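Pasting the structures in now, so scroll down.
One chain, chain A, links the two complexes that follow: it is found with chain B in the first and with chain C in the second.
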Partner chain A sequence: MIPFSILAVVAIAGALGVILGKQPVHSALFLVGNILALAVLYLLLSAEFLAVAQVIVYAGAIMVLFLFVVTLLTAGKEESEPPEDLSGQRWTAGILAIGVGGALAVLAAGHPGPKVAAGLPVNFGNLHGIGHLLWGSDFLYLMALAIMLLTAALGILVLNRPMRRTHVRHQRRKEA
Partner chain B sequence: MIPVNWVVALAAIIFAIGAIGVMTRRNPLIMFMSAEMMWNAAALAFIAFARQWHSMSGQVMAFLIVGTAAAEVGIGLAIIVTVYHRRHRLDIDEISGMKG
Partner chain C sequence: MISTILLIIKILVLIGILMGGFAYTTLVERRLLGFFQLRLGPNRVGPQGLLQPLADGLKMALKEDLMPLGADPIVYRMAPVFSLFAALSVDAVIPFGAPIHIFGQSVSLDIANPSIGLLIAFAFSSLGIYGIVLGGWASQNKYSLLGGIRASAQMISYELAMGLSVLGVLMMAGTANLENIVLAQRTQGWFFIPQIVPFVIYFITAIAETNRTPFDLPEAESELVAGYHTEYSGIRFAMFFMAEYINVLTVSGLAVTLFFGGWLGPSFLPPILWFVIKVAVFVFAFIWIRATFPRFRYDKLMSFGWKVLLPISFIYFLGTAAFVSGLL
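Then we have the complex of A and B:
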């Protein structure tokens, strides 16, 4: 229980740091803390492969991508938060979200659920177990994920195509 | 063993904090990071239930979440960078033209 409490405090502190950070860089660093705490928590929940994948994919690839974009877009700028157009939207949304989250947390903590007595099956949570599922009965999910990642890569290529060509074509069409 | 209900409560708290971030911040990058946090909270709940029921299917779902988050971050950051190159401001209202 003590390791879980420490990890929970670190994760919640990281989460609060993300939404309270003045600059995106601080938010990104707090998010790294949150993700690492969750990765250790995955280890405690005997999901070894996912803990490693979390560190490699999230803390490694995704956060580095975030930091690249943050440094590209906000380097040397002190941008304050723009004012809200809808008056009171922030307070309403915040209070509603706190209410929903508190209700969910209280409900979850109040219902322990049945205990599963039997010991863990062999290969639970490691590469053998998850590999058998992903290349066996859950192969469809793996293929769907592969197609989605390919589509995302194509989408990024389309988004980052040279803007000038379409611009020129647009102007030519206007002139014609 | 950690009681599963406390882990799910922690997931709910992190999910709510992420939702607050998405709804109250105006910087698209911070909103995006909050959305990442919500993904992570969902994966945590899946893994907790997988541990509770001794079934690896929850971990497969968490694996799917990690992959989906990678794809989503790529597309989202590309959109943010594209919009920033056109408008030179980091404000979520610049993307309001996407609402169709």
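Then we have the complex of A and C:
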């Protein structure tokens, strides 16, 4: 219980840091802290593969891309936030978030599902367990996701392909 | 209790060995670069310059720790620490030798032997990029920033090919545990023979991951002064320096473990010595390549990573999968 509490505090502090940080780079770093805390939480559940995948994919790849963009965009810029269009957004969002979170916590504590009582399944979150899930019962979802991601990647290729020369000439004539 | 003490001793010894390895790798590199370039290299401090690393270390420790005026203080100070932490932690899972017997106890030489050791090594090494990017950003210097941005783009691109290149070994050994990968090579032969193409790709991407010539664009001194560590001085610069050389030792150790049978070898030498010899050969190759090749142009570097290394490693990966599963 003690390790869980420490990690929960770290994760929540990281999440708060993301929205409260003044500098975008600081926000990104807090998010990295949050992701690492989650990874250690997975380790506590003995889901070692999930933990490592979390670090490799989120902390090692996605957040590096975030940082890449953030450092590129905010380089040498003075931070001056534009005035908000709708006043009181932050307060409303904060109160709503606390309300929803509290309601979920009360429901989860009062009505634990049958799966919580049953404990962790065998091979939960390790290499064998995830492998059996992905290539066994969840194979259809895996394929669906793969096709979706491939479509996104192909879409980028199509949108960014170099324009054909005749096409360019045609457009120029139109503009003229 | 005893196991905890043993673990702490092992961690301290490993850090000591890595620091010593770092210090003398720099000396070997400077001497070898001297010979490659028909000059002597540092040979004044002590016999054959053997005390040069000590003198350098003392100089680095005593130098003033400067920080630019507009720098982000916390991130600037923490960036080299991140780098060194990531570099050191990868070595925790590398098996350096067969278990040895002291005082009637069997002691394994690696600090941890998790069942997914290879993935943990990759997870930690993927965190090393943060030190470089944050150091470049926090310095508030155009050259540093460019170095950091280049590093992130380069390492993301080459990490994919690197990950794909080791999957073949993973499938052939049937395990992600580094010790079992070594033991599998005792029966199947060293994996660099069936996996020669992935090995070459691993080696190229390893040079790129450690930011060494010809992939040293993040610190290209002819265009970016010193890239991400331009503003750093004293012990914090030394930490970046240590991280780079310890990364060289680490990727060499992983290459030996995955492709060259780890500590395996004829029995006239102890296993750990075989491991050290193989790593030393790799370190020599790193230095040799640095002395030989000019730096890549940036767009060529990116297109080489994405259009050459990634497709080849992917095709070889699929081929290995078909072979291992018995389709071929």
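The criterion applied here is as follows: the second predicted complex is superposed on the first by the 140 of 176 C-alpha atoms of A that agree within 3 Å, B and C clash if a C-alpha of one lies under 4 Å from a C-alpha of the other, contacts with A are read in each partner's own complex, and residues count from 1 in each chain.
Convention: a contact is a pair of C-beta atoms (placed from the backbone, for glycine too) under 8 Å apart; a residue touches a chain by one contact, two chains touch by 3 or more.
Just so we're clear, the structure is a prediction, and the values are computed from it rather than from any experiment.
Visitor: If we overlay the two complexes on their shared chain A, which of chain B and chain C does A:Leu72 touch? Say first, second, both or neither.
Guide: In the superposition, A:Leu72 touches chain B and chain C alike.
Visitor: Figure out whether A:Ile19 sits in contact with chain B (first) or chain C (second), or with both, or with neither.
Guide: First partner only, chain B.
Visitor: Look at A:Asn126 in the shared chain and tell me whether it touches chain B only, chain C only, both, or neither; answer first, second, both or neither.
Guide: A:Asn126: touches chain C, not chain B.
Visitor: What's your read, chain B or chain C touching more residues of chain A?
Guide: The partner with more contacted residues on chain A is B.
Visitor: In the overlaid three-chain picture, which partner chain does A:Gly110 touch, first (chain B) or second (chain C), both, or neither?
Guide: Only chain B is touched by A:Gly110; chain C is not.
Visitor: Using the superposition on chain A described above, determine whether A:Gly60 touches chain B (first), chain C (second), both, or neither.
Guide: second
Visitor: With the two structures laid over each other on chain A, which partner does A:Val52 touch: chain B (first), chain C (second), both, or neither?
Guide: A:Val52 sits against chain C, while chain B stays out of touch.
Visitor: After the superposition on A, what does A:Val10 contact: first (chain B), second (chain C), both or neither?
Guide: neither
Visitor: Which partner does A:Leu43 reach: the first (chain B), the second (chain C), both, or neither?
Guide: A:Leu43 sits against neither chain B nor chain C.
Visitor: Check the residue A:Leu29 against both partner chains and state whether it touches chain B (first), chain C (second), both, or neither.
Guide: Second partner only.
Visitor: Under the contact rule defined above, give the chain A residues that sit at the interface with chain B and also at the interface with chain C.
Guide: The overlap between the chain B and chain C interfaces on chain A comprises residues 49, 53, 61, 65, 72.
Visitor: For a test of understanding, state which residues of chain A touch chain B in their complex under the given definition.
Guide: Per the touch definition, chain A meets chain B at residues 1, 4, 8, 11-12, 15-16, 18-19, 21, 24, 27-28, 31, 34-35, 38, 41-42, 44-47, 49-50, 53-54, 57-58, 61-62, 65-66, 69-70, 72-74, 79, 81-82, 84-85, 89-90, 93-94, 97-98, 100-102, 104-106, 108-113, 116, 118, 120-121, 124-125, 129-130, 133-134, 138, 141, 145, 148-149, 151-153, 155-156, 159-160, 163.
Visitor: Along chain A, where are the residues that touch chain C in the complex?
Guide: 23, 25-26, 29, 32, 48-49, 52-53, 55-56, 59-61, 64-65, 67-68, 71-72, 75-76, 126-127
Visitor: For a test of understanding, state which residues of chain B touch chain A in their complex under the given definition.
Guide: Interface residues on chain B, with respect to chain A: 2-21, 23-27, 29-30, 32-34, 36-37, 40, 43-44, 47-48, 50-54, 56-57, 59-60, 62-64, 66-75, 77-82, 84-85, 90-91, 93.
Visitor: Touching chain A in the complex: which residues of chain C?
Guide: Listed in rising order, the residues of chain C that touch chain A are 72, 75, 114-116, 119-120, 122-124, 126-127, 129-130, 133-134, 136-137, 140, 142, 145, 148-149, 152-153, 155-156, 159, 176.
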